[in-house]
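Next come two complexes, and both contain subunit A; in the first it sits with subunit B, in the second with subunit C.
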Partner chain A sequence: MADQVAGVKSAEELAKTQKGVSVSEFFEKNRHLLGYDNKIKALLIIVKEGVDNALDACEEARILPDIYVKMEEVGTEKYKIVIRDNGPGIVKQNIPKVFGSLLYGSKFHRLRQNRGAQGLGISCAVMYSQLTTGEPVEILSSVGDGKTHRYKMKIDVKNNIAQVLEEETLTGKEWHGVQITFVCEGVYREHKQSVLEYIKQTAIANPFSNIVFEGPTGRFDFKRTVNELPKEPKEIPPHIEGVEYGVFERMLRATSARSVASFLTTEFSRLGKTTADEICKVAGIDGKISPRRVEDKDIGKLVQATKQVKLIAPPTDVLSPLGDKLIEEGLKKELNPEFIATVSRSPAVYRGFPFQVEVGIAYGQSITEFKIIRLANRVPLLYQQGDCAITKSSMEIDWKRYKFQSDKLPTEPMVLFVHICSVWVPFTSESKEAIASYPEIMKEIKLAIQEAARKVSLYLSGIRKAEYQAERMKTFEKYAEETAKALEDLTGENAKKIKQLIDKVVSERSGEFQDMGEEDAEEKTKKTKDDEDGGEDE
Partner chain B sequence: MADQVAGVKSAEELAKTQKGVSVSEFFEKNRHLLGYDNKIKALLIIVKEGVDNALDACEEARILPDIYVKMEEVGTEKYKIVIRDNGPGIVKQNIPKVFGSLLYGSKFHRLRQNRGAQGLGISCAVMYSQLTTGEPVEILSSVGDGKTHRYKMKIDVKNNIAQVLEEETLTGKEWHGVQITFVCEGVYREHKQSVLEYIKQTAIANPFSNIVFEGPTGRFDFKRTVNELPKEPKEIPPHIEGVEYGVFERMLRATSARSVASFLTTEFSRLGKTTADEICKVAGIDGKISPRRVEDKDIGKLVQATKQVKLIAPPTDVLSPLGDKLIEEGLKKELNPEFIATVSRSPAVYRGFPFQVEVGIAYGQSITEFKIIRLANRVPLLYQQGDCAITKSSMEIDWKRYKFQSDKLPTEPMVLFVHICSVWVPFTSESKEAIASYPEIMKEIKLAIQEAARKVSLYLSGIRKAEYQAERMKTFEKYAEETAKALEDLTGENAKKIKQLIDKVVSERSGEFQDMGEEDAEEKTKKTKDDEDGGEDE
Partner chain C sequence: MVSKERIKDPKEGLENFGKDIVKQLEKIQNPDMSLPVRNLSNIYFDDKSKLIMLGDKVSHRTYLNVAHTRKFMQTVMVASGCKKLIQQGVTTSIRDLFYNMKHTIPKYNEETFETQEESDPLIEDIEASLNTLRENLHLHAEQKGSLVGPITIREPSFDTENDCTKMGASGYGIPSICEPETVQFRDCKAEFVLIVEKDAIWQRLNEDRFWKKHNCLVMTGKGQPDRGTRRMINRLHNELKLPIYVCADADVWGFYIYSVIKQGSINLSFVSDRLGTPQAKYLGLTTQDVAKFSIPKNVTIKLNEGDKKRAQELLNYVWFKKKDWENEIKHMLQVGYKLELEALSSKDIRFITEKYLPQKIKEEDFLP
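On to the complex of A and B.
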């Protein structure tokens, strides 16, 4: 061929090199996609994957979590990490799959508020360990039947399956839960984005958990302060607004519903008979025919029709927010602040997925600087702060309006705690470090922060007014004796009695400034001032 | 159990929901990871995946690429995209795999400078199309044997395999190459990050290609201006510095080498017998034993030993940079600038991977503002500019030192073209939009930009000097006649002759300022000035 030059490779030659890649090989080579891009972060991610799984399992089985994390240096930049929970355990035959196959798990195919979602996290932690140290993981699991299954395994990366090295069943110990031991490469640091900080924030967001962390610098106990789990999140069918053509088609082809109309009402969230009939009518399709009889070309009409009829929003009571009480408990127990304001927004919807934003602001006392704690489905997010909808929303708020010292973020000593829960949190990347900036989500976050900021502002202005007032009272008190004496001379009344009267007035007035909102306080202050001013004029 | 509350789910119940997820399902649900996060970008990515594959195939078969891209609106936010190349074609039996399975391709398992790498791009484009419109793709392929294989297919997402709907072999047309037709959801815009901009930048970086784009707003021809392909990149074995424990272990277990020493010398890049023997010695292992006889516990010793011996860097002649000529040709043909400076750094190494940075700066004329064109292995990067090592490096340069107007980036009318080529480009995410900020890479980019900036600065200062000089000459010329006359009176010499002499001197002097570097120009200017000053004083 004229346009070919020397060294040509034919299609046949090229074909020889074309082959499949296992998902394990893919993520082994691209481990930075899951956040394993440096040795410090690696330790954090492994602990996070283990603790997230433990909390999810306990909550799903409605068990108050007791979690134990141990981390010790066993060589140069080499750590042994043990994570143990008191969850329901994993049945024997599933252990190799859960820990030895990427993309295996219980959470991918359902819409439910969970920490994990993809079935990638824990098996990638196994893969990272063996990649960096060559060491297998050890897993102990018991479902509470007196048997403990013990596995030593690696991942066969070429085939994305477990490579079991040791397997035995031990008896004699009554417990339930899972314990996993990793040996991996890492560097331990205690700073802003450390394992310790992650565990601390997890303890704040999950005050119904006991977490013990035995780390390289000592033992840290994060005690349970609430003996009640948040309500259980419900699993919901998808809302048709968030379902795309290809998925709709697959659902239609796989349904066991007998008619198109019943397919619509049974497989989707909040889609009633009237709406289903309307969709069929708009699409020009008989709702009574079997889904199997819908031709390919008519599927598009159905999808289009769903965009033209009025839909009812998905149910929002399926979420499991923390609620004001748990947020307050969490912030109180770990941060010891002077004041806490909490706000729980009503659930909202983006792309057919319900979500809910909660905010807590803890102010003063043990808190010395401004900090944001970001959480998604109760999991702290420590990296990529700048890319996150939570940070962006915080920076778009006019903090000065709430009387905070602020450039883009306040400089007051306070912790801004923002939690978003959803059946499908839109993360910006697979390492799940930042929330994507959907306008609907940004809006809710901002409204929640503003409301909380207002509460703190009211508190602070109350404090400031009271302080100001107390200062004035003090001055007044200082001269009370003198004044009493002068009045005795003037009126003939006993100075002691006059002094008592003055003291009484002062103490009553100072009491007026307690438990007041801003408007009240301001009004009172004004009145008082006016009164006093008036009084002075006389 | 005491710590359980109502609603407990047992491990057995939970086990029922645990199952595997196909890689197609994973990326369908997480398509934003591959960049499909909005309808405008989706069109760009599909064109990009098609064109990247076409260019890779042509180059690998050493064919000068002729690429045709057509995009037309076929419904509301619905586009038909046709991409055709004159590459070697794909053999019949591989067509369903290449387009119908994610993570299938020829490029994952080798270290070689390619545009694509994972076997994800084109199959994800197929998946996005069917997800958003339900439409299959059509593929035509011929290896130049007079037969054209035509497929209509979708991806069976649950199983990550092709679902072939139509399949036929046509005869009677002699050609070779691939044509693929997508019908997908999208929005077409012509702006900074558009399909047109992507194709234009591709044309700049690949001036040995003919690219025709028939878009919604008309036809654009990007003509080939160089009839030679860049040298073919070589495939290299991995360098031991970039190989981690787990991969080393797998290679050791899979090798056909007869001894550990020969395993080291044959499977790794630039590792000779002396180094291999030294590694074995440091590890305390007999280099003559079979790799199969190395015990698990000794593998760690070998890996450790590789970190203790002196290694030779990987070969760097395996890359296929554009070179000064191609960069200049590309910039010239599409941007029509006044001046071009190019810099090709020598190859460097990060984590055992060779890489090379090339920079071109095109200045003035048709260029009206400052812009960065980022490229990795000849592919333009249009998104996530702020996260990219190229942008970050550009902003760390003290542009003022090179006499540019600049805050963080210059405001001069110029295009900064930065190309990094490597056998393994470290992208920050799977959507391959930004290069990770490895210090070694940042350093090379900065050095290359600085060198190019210096060249532009020299040119500009030459221009400025020449302009200044021309201005002076003009003034001098203006008074030449008058001066001549005055001199005639003084010397008695003919005014016309004197004028000619003056003109001659002026034209000679003005010539001196052409083709001069900065130092020269400065020196000359000084001298001339001194001379003139001196002359004027007389």
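On to the complex of A and C.
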């Protein structure tokens, strides 16, 4: 072999060094993919994972969330973080799995609007803690039966399973929920992308929650102002439009359906017998054969066929939007604005996934500058603002049309709150920091923002009108006395009486003469350039 | 409210002006004063009288329009100020009236009038709207024009007779109010009237006794002549049949001074019949004189953008649409320069009195 160079290894030799990598090992090397790329952000992500899980658990159990977060510095760049909720708790045997193995979770295999979805977040937080400080996490959980289960554990990275260090059951305390304690490396800051900002935005988007944050700089209370939870989201099977070859194949191999046609109708959302038959016909496959008998080459044909038949859109009533009232409550309680406009779009569909956009604009008073609050399934997004469909859509709006001062984004003191909820929010990366710019999503965001901007603009023009009106009345009042006096000198009528008449005319008639219209022509009688008689009577 | 007939009793006119406003107030209406529009859009050139006349357009100044409210108050104040003058039988200057009305509005940190520029146009508004004259409102401006030459002017109210040949270097100051009741002509021996734009030239003509040599009256309005001077010119022509010659700089501003003397002004079009003298003739200076009198080119001044623009405007005025004038203005634009009367001194200090003016008058080298 002429093209061989010295030292070439054979495939067999290479195989000795090739081995399977567990997800935990993969994370160990690639933690930035989940957002752990710096010490400031790491603290935020751990709190976020804990709080997201807590809120999800409470909501699913229909409990009004009470969440407690404590963060204290226990060494140089070393923090202890405690997150406690009043959720349903986790049954004893599941505790090691939930916290001790990556990608374990109840949510990955279903399509339902949730904060978390991958079963990755909280165990990654555990991983990060043990990686940076070597310390295990401590978990307390009770389902309300008087027993509290306490675990101290790490993750066995090689095998992606929990390594339980301590385990005990305590009695004597009636409560339900979960408390988890991490000790990890980090740097605490309070700026735009901080733990505090994340909790504040979470409080805005979840006004039905009580959140207490005891941080290194003091205690912050975010009080519940609404005593009802949003409606519960529904779980739906996937819609075939959004299913790609690999998933389709996996589902086909795993199905318990007896025929290909019944596989299609039972495993997918809104797919009836007629459509199933049509797909099989287009693919040239007998719909009555067992899914197990479908040959690999025919799977591709089936997937192709789904793109050629007319499909019914997935149901959209499965989502749980915040609604105008909750958005308004949230913005009001944390931002204390002068005016709030809210818009809820009807649900729409991208790639077979239903989604819905909601927008709130809070204007003025305590708000001093323009800011965008981005939320996906009620979770604030703090990083990668520029890559996010929400930011991009906002920048494509012609704000000047709504009388805002703007260069791409407005400069008015207001907060633009955009929430996207979906059974599957398309993030640009696993760290879930920015929403991907699908045209359907961009369009809905833009329509919602435009409508809200119109409302704010209407409000502001009303204010301007009222201010202008007040200014007019002041002007009329100012010159009334002198006018009345001069008229007395001219006519002999009593000045007081004339002043009263002027006041009466002003109060009764001034509203009718709003615009400058015709009368304004008078102003033009001022000397024009054409009228250069100049110098007379100097 | 805009009357066509010149009213006889200005005091009554002012009172009615006020009563009309009170009447509107009593009816709970937005008080509205109708005023003739005094700009280019509302004047016309009357071919018969050859004067610039006021049209029929009326504008409305109303109280319930924030852009007008202050002016509305000021207009009523000017009317009331004039009524007081008439009542007291005193005459005062428009500047005095301004100071008389100027004060701080109680409780507001604002003056009723900031500058005289605010009150002067309102006086004209009242004049035009009542179709009366400033002098009937007992107002005059500061004296501005001067006259010298063989005429005696009697002012009965002062019981004086002024021999205008014996006035020395300053000449006879033409009163701002120049009506037959206050200013009367006696023993006029002059054969024509020469009006010069500039005081400096007038001084030269007086010093050289030009009026004596050529038996004429020499006047100046020191720039754009005031109403008194224009009224004087009008009366000298109409009552004594004296020809009127105007001598101004060869530039657009000089030409327009002549125009105002001849056919009246846009701003005061409502009194053109009393202030304009359509028979006046333009003696000079013109840019065409440069060649005619071999004036050195180095005393000419290059036209600037303002000159050129104004020249185009003049060409558009109906009353400049005369062949000789169009030729002169186009010539000026073509050669691209203008010149001042003083430029004539470059030939000789007395060139204007000994050569230029006599030759022009003799040859009747005028522009219409």
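Everything that follows uses one rule, which is that the second predicted complex is superposed on the first by the 456 of 538 C-alpha atoms of A that agree within 3 Å, B and C clash if a C-alpha of one lies under 4 Å from a C-alpha of the other, contacts with A are read in each partner's own complex, and residues count from 1 in each chain.
Heads up, the rule we're going with is that contacts are C-beta pairs under 8 Å (C-beta built on N, C-alpha and C of every residue); 3 or more make two chains touch, one makes a residue touch a chain.
This one's a predicted model, so the numbers in the text were calculated from it and none came from an experiment.
Here subunit B and subunit C are compared by how many residues of subunit A each touches, and B touches more. Judged by the touch definition given at the top, the superposed model places A:482 against subunit C, while subunit B stays out of reach. By the touch criterion defined above, A:501 reaches subunit C but does not reach subunit B. When the shared chain is aligned, subunit B comes close enough to touch A:26, but subunit C does not. Looking at the shared chain after the overlay, A:490 reaches subunit C, while subunit B stays out of its contact range. When the two structures are aligned on the shared chain, A:143 is found in touch with subunit B, with no touch to subunit C.
In the superposed model, A:131 makes contact with subunit B only, not with subunit C. In the superposition on chain A, A:300 makes contact with subunit B only, while subunit C stays out of contact range.
In the superposed model, A:229 makes contact with subunit B only, not with subunit C. On subunit A, the surface touched by subunit B in one complex and the surface touched by subunit C in the other have no residue in common. On subunit C, the positions that touch subunit A within their shared complex are 14-15, 17-19, 21-22, 25-26, 28-31, 35, 37-41, 59-70, 72-73, 76-77, 79-80, 83-84, 94, 105-106, 108, 110, 112, 120-121, 141-142, 144, 223-227, 253, 256, 260, 265-268, 310, 313.
By the touch criterion given at the top, residues 1, 3-12, 14-15, 17-23, 25-26, 28-30, 32-33, 37, 57, 60-64, 66, 86, 88-91, 93-94, 97-98, 101, 103-106, 108-110, 118-119, 127, 130-134, 143-144, 157-158, 176, 229, 232, 244-247, 249-250, 296, 299-300, 303, 426, 428-430, 436 of subunit B touch subunit A in their complex. Touching subunit C in their complex are the following residues of subunit A: 471-472, 475-476, 478-479, 481-483, 485-487, 489-491, 493, 498, 501-502, 504-506, 508-510, 512-513, 516, 518-538.
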